[in-house]
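Both of the next two complexes hold chain A, though its partner changes from chain B to chain C.
Showing the complex of A and B:
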């Protein structure tokens, strides 16, 4: 518009303003759809926990607890991939570090749930700072390869460290008491610990939902959409990416801290490439950039794996085929697809889109 | 007429249904978590053939206390994280009475803990980490196969017989397993008077071992102990032959030369000596029948994993019959000190650490098969009971 002096300035400005308003309205509809999906998720989880708890079930409650824990790792992938546009192939590293830290604290320091949570946050922040400073210097596929390499190296080192149990891992982790003052439970109480983990995941989810609407969250999306433009708006993309990386590693590490309480052991396999890819697959199935999608994706993936594994030993092929179907037909994942439907419907209600 | 026949059919169906539910209630369920995918998948197949074979035989002969044995498989995947979850499913959903078939040692330890928390019993037939019946023993975990320590001490006893004060040179891959296997053997060998001529560690997957041959030749060892495995063993043994380093005895742990990598090294492994509890040539009537039957079913030669997995069902059967129940506490009590006939000889479950005591053999590779050389007394190979949990 600057190079066209003949056009009055007011017309395009108002057109731009309308476009912005429309975009904002659409985004609100999108998030409303996702918020409904998240209410359904957490309400469903509570109902499941109560129903199966009353039934006295063990296996499905503990499987769901595991799905929530891995869901947090998928959430951390979503922060990087869905918001900052960074594909990490080694997110399991931070999960594994949190798990080893948790295991060591429980075995050697104190059987305290809160101490484990504190230590795993600390481990997540520190390891995320180190890993992030190394990885975010590179972009695109090089970033992905560095994150992959870091996870492989640390997993190998632990595999060969006798003090950390080497390939045998660490077992004999005591069953912790979780006390909230007014209510307490034990990690081997299937329903009780399910609700503890659900609460932790809900807090993480709500925190991230809040962050996504803050200027920081917006700026992260800016990095994903057009990194080169951000400096012109007064942002430093490297710092934003590092902040996202540390946030993601901290969440993965918290999830790691919960794992040994549930399963009573840790082993180097927790950091392997398989574990990292599972988090990515869960995120993609659920819907990248939707926050609630990765939680749905993780539940679907964990339950599918358990069920298919019973029927056939070729479960990896089945999961692979499922992943391909999702990527080809629902490239935005299940929640991304749902979001599209809701938006399309609201447009027809408004009397047609643009 | 038609109505009558449908009625009869319905009654027949109802009767069968009743019959099956009654039979199901009486079945003894044995869960198995072998690796069907991942690096140990070939061992997983051996385990499945052996368990299926023995369960069919036991059922044909009237089952355990008249109850049919039903096997329930889940893929253990060589990943403790997956296996603990699947073990919980076997215990909680399938309600198996007993669990076996674990391979990866870390997995056995983690699943053993699941068994402990579900008050059920687990017996491994493959995992050899000393920790399982040593410092990390569990009241709910038993081991039918020999531990790494038993293998090492049996081989050390053979070396002491081979030459008094033998000079041993050690070569292994530079990682925890390679180093701990050597440390284990070295400790046992030096107790019996062997001396160390040298010790080198090559990177895992090393392409060239000839760089170590100079110092090895200079040290003039009587014996070379190797803890390599897979393709590392192929390269090492082939190069030793090419360089003419044949004037020392080649020995190693049981994973160094197996049917998996034997074909790739021609006759370079001829005369290689290891230790174990099984060879198809161990002369017992049971073994003769077993080896033939297994080969027909699996299309490969029976090996130590096949023999120990086959016999775990006999161990369980004997314990349940002695206990008169499948209750974990009663069966545990029956398993402690239980003696039973394995494929290649008698086994006794040591009450103190749940390690099966059994005769070991020094085994020499001739052609494609390991020939038993010398028998090593099981009690001597097993050493003291180091478990302090009960």
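Showing the complex of A and C:
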């Protein structure tokens, strides 16, 4: 083959390593920064939980728990946008459905944490199948508009349904006991419930991290990068997109199921456009396609909002400005930027010689 | 070995209308197993449209397509690669933000069983081995970890063909594989296509008649959607109708 003699800036080439070995090595480098960031995140969260738990704090622990719950919604946005390249403007719909389902279960069926988790998974799968089958027929902007429309319609229907508390939502949700067998806590124990939510989010995060390294995860990236070529290889982009949609709605719904346990109420606002855009903003601030980024983004967003809220009532303006700054200066988000730096470093280091 | 009636791909009365325009008009073509069959014609002759009809990207207005005797008219595109029909694109159609290796691994994995799709990628050894073999065969070994979008034009055209081969096709249809290539790259690609044709049946769609002359055993000429001539290269070149329609229009 004619070699054009151009300089390769590829990852480490140990002599004789196969293309696959080299390709996997490079992928590991790309994830290295993100993996470190995720260890820092979860270790930091544990340290925070212990320290503030010992202090007997309530406010910050509850705020952090909320940040983690919204972080899961951001993760669900990242599956769609970062993996499959689908922008959903209605992710709060599935969060809200999970929250209402959780509230109803706790109030009317049983005060069981595990039952709520089971029901919210079921609700997420079913509503995701319906929403997905409707939305993925359309592409690009039209897909985004359909997800937006679906969320608005359902929010309005709930707003007008007296049995669901209409505009007031559902209040007076009992305090749940969470039991893992060897350890148990109550939803009104700020540190205890923080750790419960942290565990749920960690499981979701690790599950998605695993998926990103499977042929299924790679096929979703294929859809994002060049959907049109996929059928010619033998893939079905429509099926892959539906699978991503259902996965995302299920995660959002699980997050929703945790919400009434934390706050003791649910209301139609949970499904509003604002809630959907918050998840997108958190994802983009943290770094689309990085998985850990959306969790950082959500923590930043929730704490900033709370801090700004004590100074000014114009939170939205400040958040909007922050969002624009990130998009202009760090278009790949904070973690996306960090990843680029680490990858560039490793290239110059390894490029020097074997 | 191949006999004259061992037909891999066949079209009967294939036609499509775009509004009033009959872009492909009643075309019968039989592609013999092995070697290279070329389809040539001036710009706008209907070559790419014919190709899209055969590969399921467009539905015909009339007519049928057969792959090894089985009718495949209207078969969804994603099923054709499993049936042994693959295609490359006139305009490079890769995954530019993925590495060269990942482009090939993704293509090679498409036909693997579902059970493997939720295990780590490294566990799908067959797809991995296939991708490795293609990387080496197409001289992309030193570029395996480069983004496909960062390759030179010639390398991208090579990868384009390698990706199309990842499903182990029986028949590969190439739409102007040398489009936009330099002279040396074109020669290189021609040699590659000739090598490939020893293993699988190739249909080469070309605009440039000179490229196909010493490569193919059969040349089909399309003009204004119709089949104008068909036969060995020398005979086709000598054909009066071809000379007026094809070379006249050149």
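Points worth noting:
As a convention for this text, the second predicted complex is superposed on the first by the 324 of 354 C-alpha atoms of A that agree within 3 Å, B and C clash if a C-alpha of one lies under 4 Å from a C-alpha of the other, contacts with A are read in each partner's own complex, and residues count from 1 in each chain.
We adopt the following convention: a contact is a pair of C-beta atoms (placed from the backbone, for glycine too) under 8 Å apart; a residue touches a chain by one contact, two chains touch by 3 or more.
Here the structure is a predicted model, which is why all the values come from computation and not from measurement.
Once the two complexes are overlaid on the shared chain, A:109 sits clear of chain B and of chain C alike.
Applying the stated contact rule after C-alpha superposition, one finds that A:316 touches chain B and leaves chain C untouched. Once chain A of one complex is fitted onto chain A of the other, the partner contacts of A:168 are limited to chain B, with no touch recorded for chain C. Within the superposed three-chain model, A:138 lies out of touch with both chain B and chain C [touch as defined at top]. Looking at the shared chain after the overlay, A:275 reaches chain B, while chain C stays out of its contact range.
In the superposition on chain A, no contact is made by A:50 with either chain B or chain C.
By the touch criterion stated above, chain B contacts chain A in their complex at residues 36-37, 74-75, 79-82, 84-86, 88-89, 91-93, 105-106, 109-110, 112-114, 117, 129, 131, 136, 175-177, 180.
Residue ranges on chain A touching chain C, taken from their complex, read 1-4, 6, 8-11, 18-20, 22-24, 26, 210-211, 213-216, 218-219, 221-222, 225-226, 228-236. Residues 55, 76-79, 81-82, 86-87, 89, 93-99, 101-102, 105-107, 109-112, 116-122, 124, 127-128, 131-132, 135-136, 138-139, 141-146, 152, 154-155, 158, 163-164, 166-167, 184-185, 188 of chain C touch chain A in their complex. Taken together, the chain A residues at the contact with chain B in this complex read 57-59, 62-63, 66, 159-162, 165-169, 171-172, 188, 263-265, 267, 269-270, 272, 274-275, 305-306, 309-310, 313, 315-316.
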